[in-house]
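Supplied in structure tokens, the structure appears directly below.
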Amino acid sequence: MIQMTLIQIDNYGPWTVTPKPRNESDIQILQAELFADVQRQFAAKKGLVFFTRFDNMLAITNGINREDHFRIQRSIRNRFPITISMGVGTGETPYKAQKLATKALQKKGGAQSAERKETLAIDSLVDEKDSYIQIAHIDINGITETLTDNEPAFDTNFIVNKAQHYLMTKLIKKGALLFFIGGDNFMSPCNGLSPQELIDIIEKIKEEIGISHKAGIGRSNNAEDAAYLSDLGLETIREGNNNKIVHILEDETSKKII
Amino acid sequence: MIQMTLIQIDNYGPWTVTPKPRNESDIQILQAELFADVQRQFAAKKGLVFFTRFDNMLAITNGINREDHFRIQRSIRNRFPITISMGVGTGETPYKAQKLATKALQKKGGAQSAERKETLAIDSLVDEKDSYIQIAHIDINGITETLTDNEPAFDTNFIVNKAQHYLMTKLIKKGALLFFIGGDNFMSPCNGLSPQELIDIIEKIKEEIGISHKAGIGRSNNAEDAAYLSDLGLETIREGNNNKIVHILEDETSKKII
Amino acid sequence: MIQMTLIQIDNYGPWTVTPKPRNESDIQILQAELFADVQRQFAAKKGLVFFTRFDNMLAITNGINREDHFRIQRSIRNRFPITISMGVGTGETPYKAQKLATKALQKKGGAQSAERKETLAIDSLVDEKDSYIQIAHIDINGITETLTDNEPAFDTNFIVNKAQHYLMTKLIKKGALLFFIGGDNFMSPCNGLSPQELIDIIEKIKEEIGISHKAGIGRSNNAEDAAYLSDLGLETIREGNNNKIVHILEDETSKKII
Amino acid sequence: MIQMTLIQIDNYGPWTVTPKPRNESDIQILQAELFADVQRQFAAKKGLVFFTRFDNMLAITNGINREDHFRIQRSIRNRFPITISMGVGTGETPYKAQKLATKALQKKGGAQSAERKETLAIDSLVDEKDSYIQIAHIDINGITETLTDNEPAFDTNFIVNKAQHYLMTKLIKKGALLFFIGGDNFMSPCNGLSPQELIDIIEKIKEEIGISHKAGIGRSNNAEDAAYLSDLGLETIREGNNNKIVHILEDETSKKII
């Protein structure tokens, strides 16, 4: 079971234009620093946050309880001009977990409701014994040589965004999520996705748009270790210098559970 | 003429996995803080940075000279574990400007070259009298009501990413760039794009994928003011509560030049 | 028993001037952000860091174990241009605890040794059942009215520094430490100091230099709660609007232990 | 003429305890990040900020005008839960400059006034042609060997604080200010202080408390360069390995003016 948290800035849209539009660079800094900050706090408990839309962030939070979430909300309130609400859900797939997390929060009021503030809506938390996360770290083959060092920066960015769009479209159907994490890298929380299904998706995308990917898959009972194992898996393929598409690594904690 | 700067982390890929993969949350924090930091520094001179791929960022930098760029590189070297190189270019369209910026930097060595470090490659700088920037701030109509407050967070994210992909695909053909700036917001540096061309693109996307956008267009001789005017333009449409698709605002500095 | 950690930047002096002196503002930002960063990470585990000399920081770390310390070192290495070593010690008084923490680290090599890097030297850790912290939050009476709003800013700063110097001089003899925490506020980890001893010190300082203080004392098994109770104690005196010098609050965890 | 800016958090004391005391670690992070942030923004214009009391900071701001100050206030308002007011003054000595800066601000209302918010009170600005700054960078001789590597961390901190107190006491009488900048380092904006006067102060302190200092003095028309030259001056003494107490460096901009 994977546990996901939706982190939502309270009533943010109106704030950004009250009393008149705030300076765009300030908004960008605020959003980046808020992401960095909640990342650091969830990471202290082995969670992992994805920036998503910045005003709505999704995090893998297995092992992180109600008090931990509350402490993070308090800390943000004390240092930022905005506050955050959170919804927490769990599921056999990341898609289901974030869906329940979202629903729990939506029930408490809208994102632009002036009343809902610092809500912590927990649908469910994963028990330690059921905690299991599968993450795929996916990158684009040979991007530095073919794109970054040869094409205009925006064209490379366009290709990466295109890859993201195709990966998202196919993974969401399998209950897996996909997040851009910088460079040519994506992370996909993907409990329930089989390695063969991922290989099929990667091969299909190569066929459709000519972009080749590879992926390390990591499995653990916490996000930090699952992500790390997926990184190691990707490194193993890079070093192997072969045409392998997927490499799986798992730790002791993940061997018995799904 | 618009001036754009490509900001590239030196030899970053290898660094992230040496001696072994670095903790993913640390990488995410590092990237977000680097973006926030260069944003703050360029913003002090009325520039505007887009996070793009985080290891490669694009910025509008009209009015920012060689020494300013150099000082930012020095400041990053003193406070981060990585260094940055930059390329600067100018053009009648943002696409051309970033292309020249990229080329200038590529000539000095690859992104993963161990030799190239803290390079500042300037193809050209915009003269004050030719300085002109057009920015469109585009958002999705009614997203909070229809999506954020009703759909799972990742589905909303998926829709926003889809909109981004379609906008990018069409704008790049017109020499305009498109960057996601959080929430349901995009910024498009778009010198040379006519308001009617933008309306056509927005209407075509509505037809193709059923997502409606609106846009404020701002024009000035610096990125900060152009962005601000585009924000005001968008607010004007929101307040008008009509079906207007585009609203243009420009300041004194931008009236004579293109 | 209180547990203290000495956090020391490795080989920092030489780094600040290699190859030539680094820009002073960058050094100041680096130091402030390093402090904010380790603060945030220790705080996630209910610790509390004092900036001390910035290149050497002291923290109260009851309840924070070897792995926690290691994870913080790793995180700093991944995001800063410098690394940190740490020493950990425990004692009946804060003075003894920091002394053992320092000794443990000194044994591993000097602060400017090129060899010693990311050392984690643990003399001892406090057991949960022995964990006890007493903190005094001390401020200067009526500073806003008499000084901030009437005297030149530097004169007020001078008075605060003078108060700090006198408080430090007297507290250190009792095994208590004193840290400036901004404004007119000081925090004194002071296990073993009796309320009457603190009252005597405050009265003696008033006699000697004419500066009046008051103090809230908090007691708990972790730094966060002890500090919070000391804040509440101070608020109680402020609200009482009387001439009380010290107010003590303690929680359940601290009632049986010293 | 030196120009100094007093940066004061508006109505901060009450904020820290409303509705109840805020978590101490959050307060510490907020203060450190605010300092880092205004530092970065003033530094973009070659200014230099000293953390002073954190809720009241003093900065050397020659060359930084009304609009620059206003833009920094706006930027803080958009990203922090607090706002800042500023006073600006100029003088033949730093003491006079900060005194006028403070007075200008005090006239607009108290630090804890609920009405005064984001005030920018400018007594005067330095003309480019009169701009002149003298900074002394002072450190303690041989501190790593004698103290950091041998004494308990807090004892070293105590010695550094004692040195600060003695330096402040003597320098203020000469119209010079003194700020602790980390480690064993102090910076003294000291227009009008002669090198011999500084030597006398250093020798007197050695006599009184047995602590030896040395100092680099830098002179320029902006704070960044003056501070850099003072760093270089200190390095020159360190490398000379002699008993020199003061070394002066100045650039072209500072040769004619005082």
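Labels A, B, C and D are assigned to the chains in the order they are written; within every chain, residues are numbered from 1.
The working rule: a residue touches a chain if its C-beta (ideal position, glycine included) is under 8 Å from a C-beta of that chain, and two chains touch if they have at least 3 such contacts.
What you are looking at is a predicted structure, and each value in this text was computed from that prediction instead of being measured.
Peer 1: Report the chain whose CA-based centre is farthest from the CA-based centre of chain D.
Peer 2: A
Peer 1: Per the definition at the top, count C-beta pairs in contact and tell me whether A-D or B-D has more.
Peer 2: Higher C-beta contact count between the two pairs: A-D.
Peer 1: Counting only Cα atoms for the centres, state how far chain C is from chain D in Å.
Peer 2: Distance between chain centres, rounded to whole Å: 22 Å.
Peer 1: Could you tell me the distance, in whole angstrom, between the mean C-alpha positions of chain A and chain D?
Peer 2: Inter-chain centre distance comes to 43 Å.
Peer 1: If you average the CA atoms of chain B and of chain D, how far apart do the two points sit, in angstrom?
Peer 2: 36
Peer 1: Could you pull out the residues of chain B that touch at least 2 other chains?
Peer 2: Counting only residues that touch two or more other chains, chain B contributes 23, 26-27, 29, 33, 40, 43, 75.
Peer 1: Across the complex, what residues on chain D touch chain B?
Peer 2: 37, 40-41, 43-45, 71, 75
Peer 1: Which residues of chain C touch chain D in their complex?
Peer 2: Per the stated touch rule, the residues are 6, 8, 12-13, 17, 20-21, 23-29, 31-33, 35-36, 39-40, 42-43, 47-49, 51-56, 58, 95, 98-99, 101-103, 106, 110-112, 144-145, 148-158, 160-162, 164-165, 168-169, 172, 177, 181-184, 187, 224, 227-228, 231-232, 234-235.
Peer 1: For chain B, which residues are in contact with chain C within the complex?
Peer 2: 22-23, 26-27, 29-30, 33, 74-75, 77-81
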